[in-house]
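To keep things simple, chains are lettered A, B, C and D as they appear, and every chain counts its residues starting from 1.
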Amino acid sequence: MLTYVLKRILSTVPVMAIVAVLVFMLLRLAPGDPAAVIAGDYATAEDVERIRTQLGLNDPIPVQLWHWLVQLASGDLGTAIFSKKSVVELIGQRIEPTLLLSLCTIVFAVAVAVPLGTIAAWKSGSIIDRIVMLFSVGGFSVPVFVLAYCLIYVLAMWLKILPVQGYKSPFDHGLLTFLRHMVLPVLALSVIFIALIARMTRASVMEVLEEDYVRTARAKGQSEWKILIHHALRNAAVPIVTVIGVGIALLIGGVVVTESVFNIPGLGRLVLDAVLARDYPVIQGLILFFSFIYILINLIIDLSYTLFDPRIRY
Amino acid sequence: MTGSAPVLEIRNLSVALPKGADRPFAVEDISFTVGAKEIVCVVGESGSGKSVTAFTTMGLNPKEVKAVKGEIVLQGEDLLKKSVAEMRRLRGEKMAMIFQEPMTALNPVIKVGEQIREMLEIHTDLSLADQKARVLEVMEDVSLPDHVKMYDSYPHQLSGGQRQRIMIAMALALEPGLLIADEPTTALDVTTQAQILELIKDIQHRHGTGVLFITHDFGVVAEIADRIVVMQKGKVVEQGTRDEILLRPQHPYTRMLIGSVPSMEPSHRAEIDKASPALIAQGVNKTYGGLGLFKKTREVHANKDVNLVVHRRETLGVVGESGSGKSTLARCIVRLQDPTSGHIEVEGADIARISESAMRPHRRDIQIVFQDPYRSLNPRRTVGQSIVEGPMNFGVPEAEAEARAKELMEIVGLSAEALDRFPHQFSGGQRQRICIARALAMQPKVLIADEAVSALDVSVQAQVLDLLDDVRERYDLAMLFITHDLRVAAQICDRIMVMQNGVVVEEGETAKVYADPQHEYTRSLLAAAPGRDVAFAK
Amino acid sequence: MAAAETPELSADAELPEKTQPSTLSLVLRNKAVFWGGLLLLAMVAVAIIGPFFTVAPTEQNVISRLKPPSAAFWFGTDFLGRDIFSRVIHGGRVSLVVGISVAVIATVIGLVTGMLAGYIRWLDAPIMRVMDGLMAIPAILLAIAMIAISGATLTTVIIAITIPEVPRVVRLVRSVVLTVREEPYVEAAIAAGTRLPAILIRHILPNTIAPMIVQATYICGAAMLTESILGFLGAGIPPEIPSWGNIMSEGRTYFQLTPWIIFYPGVALALTVLSVNIVGDGLRDTLDPRIARKMRA
Amino acid sequence: EKVLRVIPHADLKNLDPIWTTAYITRNHAYLIYDTLFAMDESFTPKPQMVDTWETSSDGKVWTFKLRDGLKFHDGADVTSEDVIASLKRWGARDGMGQKLMEQMDEMVAVDAKTFQFKLKTAYGLVLESIGKISSNVPFIMPKRIAETDPFEQISEYVGSGPFKFEADQWVPGSTVVYTKFEDYVPRSEAPSAASGGKVAKVDKVVWTYFPDQTTAMNALIAGEIDYFEQPSTDLMPLLSAAEGVTVEVNDPLGNIGFARFNHLLPPFDKVEIRQAAIMAMKQDDYLAGAIGDPQFWKTCYSVYPCGTPLASEIAAENMMTGDTAKAAAALKAAGYDGTPVVIMHPTDIPVLSAFTLITAEKLRKAGFEVDLQAMDWSTLTSRRAKRDPVSEGGWNIFHTWWIGADVIDPMAIAFSGDPAKGWFGWPTDEELEKARAAFANASSQEEKLAAGHKVQERLWKIGASGQLGQFFVPVAYRNNVKGLIKSPVQFFWNLSVD
C-alpha cells in the first residue's frame, strides 16, 4: 500500500513535467505582455522594453524555461510580477476560501445527490425518477453565472435572508457567519455537481440492483430499503466516488466563475486575474498547483476504493 | 422415496410473459410436486421455463413476469395469494434458493459470515452472539474448513466451491422445508461439482428437506435425482422417477434429449497414419505476469514444458479442470499469445517465436474455433463478410472467396442465403457452425477447437460434434480438441492428453486412458464425472 | 434471464428470423429521445433558417437602447440598441457551431488517438501520459489561457474548448478498445491474418461508435456551456459575433435592469443543452448503459 | 472603530506610484504618501508639505521650506534629503518630471527642512510639475526607499500621508487595508481637491476589489459596502432608486474618450482618410451606447476637457459632422483603396468594447473594410506599442480614454506630434510640436491660451484621433458616508461614516 502510494506519487512526476512545459510554452507564445501592463498608459516603448529586460522576458524562451524549471526543482513557484509576492504566499493567502468552498460544495452535493440518485434508481421509470433525472439534466443546462445571479437576486436582494457576497473565514468570524456567506456560492456551484453525481448514482445503483447478490438478498427475505442501503449503495460506491474525482476538474472551472460572482478571494480569481494581467509566474504556478491537486485527489480517490471494495488492494 | 406429504405442490401454473417476448407464456399449465426428503430434478432445453418456475415459487420474478393461473402450495399455503411482506417472511424461513453463479450471488463487499448472519437477523430474534454461533454451526455443517476464520473472509478470497457452500449454508440456516437450486454446479469444475452434489444429497437427507433441482446436465441428474420433470417450451412434457425417465423415456423430446447425451464410453476410432505430424509442440512454456516496469504481478506458470504431436486426420483431446492451462496452450499455438519458450511446428515451420508479420503467412494453416459462439462473430458484420475475410486477406479474389463460403455453408448445414444475415439472426448452434465454416474457409491444416461445444445444449452439441468429425475426415484436418467434458472427449478424440496446473500428466489413446488411467489426477477426474455409471437410453 | 436461443433440431431447420429492431427505431421509441431530438431539430432549423429573416445582429440603433420586448423588437434591445431577437437567432448558429464542431473534432481526434493507444501497446504509455497531463490542467483555465494567448476568434475558442475534451474521449475509446480487442471475434480476425488497420477499422471502430455518439452529445452540450462561461469571463467569442454566451455576458451588468438581455439567450441555451443532454441520455439508455459509466469516469 | 468599506475602481496590482502610472496605484499612494504641492479645485498648485517658498528674481532659484510635524509612518521626520531623493526618482520616470529635470541644474538640501531648485533657465511649470495631481505624482518617500532604481519596484511602503498601508493584510486581487496614521498633522485649510487639510476621519479604510459589477452594486444596496468608486453608468437607474444610496459625479472633468489612429500605417497614414473616419464618428451615439444615461455624458469637441480654461471648439467642424453618408463621400474622394482597418477590440473593458463596436459599425457604413480583432486589454496594451505593418502584428485603430485631468494642457503626451517620443499612434506634425513648446515657454496667460488653441487646431487638422466625447464616472455610496471631495482623483481623507 505504502509502496503503491509512493509509486503513484512518483509517477505524477512525468505528468507534472508535461504540464509544466505545456503551460510554459503556451504562455510564452502569448502576444500579451506583462511589461506593457505594468508600464501603464503613459509608458513609451523604451520603458516597456526596459521592464521586459528586467523581468527576464527578453531571454530566449528555452533559457527562461530552464530558469523556471531549476526554480521549480527547488520547490519555488516563483514571484508574482505585479505584487512582488511569492506565488506560494499568494496561494497560501487564497487557498482557504477555495478549499472550504469546494469542500462544502462536495459535501452538500454528495449529501443531496446520492439519496436522490438512489431513490431514482430504486423507483426507476417512476415519476420520481423522471423528476430527479429532469433536474439532473437541467442542472447541466444552465450556466453557473446565470444561476448565481438568480440566487443572489432572490435570496439576498429580494428575500434579504442571506448576504450578497463575500467570504468570512470561520476562524475569524465564527462558523455561523461563515456558513451564511457560503450558502449562495455553494448552491450555485453544487447544482452541476449534484446533477453529475445523481446521474452516476442512479446508473450505478440501477446496475447493482440487477446483480445476482441483490437477488440473493431478496431470496433471503431482506426488505427493499435495507437492500438499497446495505447491498446496493456500497457496491455502487466506486463509480460514484470516481465521478466525484471527475467532478473536481469541473469544480475548478466552476470556482473561477463562482468566486468572481460572489466576490470570494480564492484561487480561481487569482488565476483569472493573473491570466488577464499576464502575470506569468502566477499563472504557471497556479495551473501547476491545480494539476497537482487534481492528481492528488485522484490518488486519494483510488485509495478510497479500498474502503468500499475489499477486492481492491494496492 | 415419495410417500410423505409434498413440501411443494405446483398445480396448473401458467406464467405470462410481457409483450414482445418470444412466447406468450413462460410456463403453461404445469403441475408437479416435491416431497419432503425428495430431490426433484427439472430438466429441459434452455428457455424452457425452468428458472421462471423457480423464481415464481420464490416470488422473485420481475414485475412484468406474472403468474396468471394455478397455485403454488408450499406446506399448505398458496404462495400466489401471499402479500409482498408475507412472501418476504416465507423466503428464507420456509424456502431458500441457491443460484448458478457462486461468483456473483454473494455480495462482494460484505464478509461471508455476515451474509449468512443477515438471514438470521431478518427472520429471528436471536442475540448477536447467538446469531454468530448459529452461523458458525451451519458453516461447519457444510464442511467449510476453518470456518471461524472464514466467517471474516470476503467472497473473492474463497474458491468457487467454497462460495457455493456459503450459499448452501445461507440457504440452510433456518432449515427451510424447501430448497430450490437453479443450476448450482454448472459454473464449477467437475471435482468441485462432485463434492457439492454430495453435500446437497447429504444435507437433504439429514434435514429432510425437499429439493427442487434445476439443471440441464444429465450426468448430474443421473447422480442425484429421485424424480425428474422434463420441460420443453414452457410445458411439462414428461415426469417420472429417475429410472423411468433416464432408461425408459416415453416422450419423443425426452428421448431425443437423452439420446444426445454423449456416452462416457469412448467411441471406436479408425487407425491414424502416424507418418506426417501436422502440429508439433515441444517444451512450450508460458508464464503470465512477472516483472513489469512498475508493478510486480503475481507470476502464473500456465504451461510447463508441454509437448504434443497431432497427425493428419487425428483428433487430440486436451482435458483438465478449469485453470489447468488448456486455453493458454491453444492461444500459444495459434500465436494469439507469445509462448515464453519452446518450439511449435506447423507443417514443418517453427512459429513459436517469429514476429507477427512473419507469422501471417502461416496463419492460414492453423485456425481456431472458440468456446463462445455468441462473441466469436462480429455482431456488426454479416456472416458472409466474416467468412470471406480470411481468404481475402491472403489474396483470394472476392468472387472465389464467396463461392467457397457458399459451399462451406452447405457443408455445415446452413443455406447459402444465410450469408447475408447477421450473427444475431442465428441460434447458438448455428453460430458455432458458422465459426467452423469460417475456420475452414482458410483451408487450414490444423484446427484448434477450444471448448467449442461447451456452451451448447446437449442436442446441439451432438450435431456440432458430428460436424467436426465429418470435416476432419473430409479435409484431412489435424484437430486439437480442448474440453473439460470427459463425455465429449470420449466421443471425438483419438488420443487424449490430461493437464493439471500447466503440466501434461498423462497422454494416450482415449479408450486406454479411460479404461486404465495411470495418473492419480486422471483417476480423480474420471471419478468425478457425474452419472458416469448410467447408461442413458439410446 | 436473457432471451435464450431456440436450439435447432435438425441442420436445415428454419433459421430463426429474430431480426432485432433497427437501432434507429429503438432509439426513437425512447420518448425522451424523440422529444429532445425534436426540440433540438427545431433549434437547429431556426439557427439555419432564422438569420435570413432577421435584421443584421450588429445593426446599432442607439436611440432605442435597452428597450423591453415590443412588436418592433420581439426580445427587446441591448445597450447599443441591437435587436436581441436577431442576436439570439444568429447566436444560435454560433453556439451550435461551437457545440457541434467541438463535439466532432474532439471525437475524431479522440477516436484516432484512443484507438492507437488502446491497440498499439508501445504507444499506450506515452499517449496516456500526455493525456493525463492535459486532463490535469483545469479545462476552463486552459481555455482562458489559450484564448487570451491566441486571441479570441471563433476558431481559437473552438480549439480551446476542444483540447481539454480530447483526453476524456481518448480514455473512453481506449477502454472500449481494450475490452474489444479481447473479444473472440477480434482474435478470430487476427487468426485469419487480418492486418492491423483493417482490424481497427472493421472490428474495433464500429464498437466505439455507439459510446462515441453518446459522448459526443455530452461534449456538444458541455461545449456550449463552456462557451458561455468563457464569454462571462471575458475570454469568449468576440462580442461582435453574437453567441448565446457572449450576449449573456454583455448583458450581465443589466441583469436586474433589463433582464431580457440575459433571459432569452439563457432560455435558448438551456433548452438546447437540455435537449442535447436528453438525447444523449436516451441514446445511452438505448445504445449501451454500461459504456456510459466508463465514459463519465 | 470606524471602517470605510470601499470598492475601488480596479484591483491594486502593484504599489509603486513612480514605477507605474496606473490610477489605482496613484489613489493608493495618495492615501499613504504626501506631496509638496497639490492642486486645488481650480487646478492651481497649493502648498501641501511645503510651508513657505520663494523664487529668485530671475526665476532660476526656488527655495522651499517644509512645514513642521511631518513624519513618516516609521516615526522618522521628513527631511530635505528625502524630498530630493524622491523628486529625483520621479524625475527619471514622469514626463513632466523629465522636463523639469532637464531645466534643473541641481537640487540642494539647505538644511533638514529647506531645499532649493537651481534651474538652468526660468521655467514656467515648476509648481505645476511638483504639484501634479495625476500620474506620476511626485510623492515623497523616505530617502532609503526613494533611492531604489526608478525602473525597479520599491519593496517597502512607508509614507508620510494620513493613512498607513497594512502590508500583511494586503491580499493582491482582493483586499487592501489602510489604517489611520495618528501622527499625521493635517493643514488647517479646508480640503479642496488634492490640497488643504487631509483629515483621516475613519480608523480604517478597506478596499475590496469586486470583479463583478452587478455583485458590487448589490453589495452596496445591501449595505455590505459603504462606497463604490466607479459603478458602471448602466447600473445608475438601480443605484439611484435604491434606498439609502447616493449617486454623485465626483470628477467634474470626467474622461475624454477617443479613437486613436495609427498614423504610420495605411490607410490612416493619409490625413484625408483619417478625416473621413472622423466624420463618421458621432459623439452622441458613442456616449449613449457606451455610457447610457445622458446625465453622465456630454458631447465635447475640444481636445481639452470642456469646462477647463483651454477648452474651445476651434477647428472642430469635421469632428462635429457625425454622418456616415458624408464620411462615405469623403472617403471616396480620399481615394481609399480598400485596405482593411484593423481595430483592436478590448473585450474585457465594457466602455471601450462599446466604443470599438460602434466605430466598427460606423466605419463599415462609411465604406471602410473593417477587421475587428477581439483581445483582452493586456494584449492590446502590448500590441499597440508595435509600429510594424498589420501583417506583422500592427494595428490601425484602438480606443481608450484620458482622465480629463491628464489632458488639461498641451503638455500631455497625448498631444505629442513627435513620432519618436510620442504616444501610440505616432502623429507627426512639427507645427504641433512648436505650438506645444510655445506653451511650455509661455510667460503670460494670453500666450498660454494662444498656444493651447494652436495645439488644438493642429491636432484637429491632422486628424490625430477621433474624439468621442466627455463622460463622467459617478461614485455611489451609502448615505452615512459624508465629506466627499470633488476631484478627478479619488481621495479618502475627509470621508466619514456614521
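Annotations
Convention: a residue touches a chain if its C-beta (ideal position, glycine included) is under 8 Å from a C-beta of that chain, and two chains touch if they have at least 3 such contacts.
Values in this document were obtained by computation on a predicted structure and should not be read as measured data.
More inter-chain C-beta contacts link the pair B-C than the other of B-C and A-B. Ranking all chains by how far their C-alpha centres lie from the centre of subunit B, first place goes to D.
Centre-to-centre separation of subunit B and subunit C, using mean CA positions: 44 Å. Mean C-alpha position of subunit C lies 47 Å from that of subunit D.
Averaging Cα coordinates per chain places subunit A and subunit D 40 Å apart.
Counting partner chains per residue, subunit C has residues 148, 151, 234-235, 252, 255-256 touching two or more of them. Under the contact definition stated at the top, the residues of subunit A that touch 2 or more other chains are 30-32, 149, 157, 260, 272, 276, 278.
Counting only pairs that meet the touch rule, the chains in contact are A-B, A-C, A-D, B-C, C-D.
Taken together, the subunit A residues at the contact with subunit D in this complex read 30-45, 47-48, 50-51, 54, 80, 82-85, 90, 93-94, 149, 152, 156-157, 160, 163-166, 260-263, 265, 269-270, 272-273, 276-278. Remark: subunit C residues 1, 3-9, 11-12, 15-20, 183-195, 198, 202-203, 206-207 touch subunit B in the complex. For subunit B in complex with subunit C, the residues that touch the partner chain are 21-22, 45-47, 51-52, 256, 334, 336, 360-361, 363-364, 366-368, 370-372, 375-378, 380-381, 386, 389-390, 393-394, 413-415, 418, 421, 424-430, 435, 438, 442, 456-457, 459-460, 463.
Looking at the complex, you find that subunit A touches subunit C at residues 14-16, 18-19, 22-23, 26-27, 29-32, 133, 137-138, 140-146, 149, 153, 157, 196, 199-200, 203-204, 206-207, 239, 242-243, 246, 249-250, 252-253, 256-257, 260, 271-272, 275-276, 278, 283, 286-287, 290-292, 294-295.
On the subunit A side of its complex with subunit B, the touching residues are 7, 11, 211-213, 215-223, 230-231, 234-235, 308-311.
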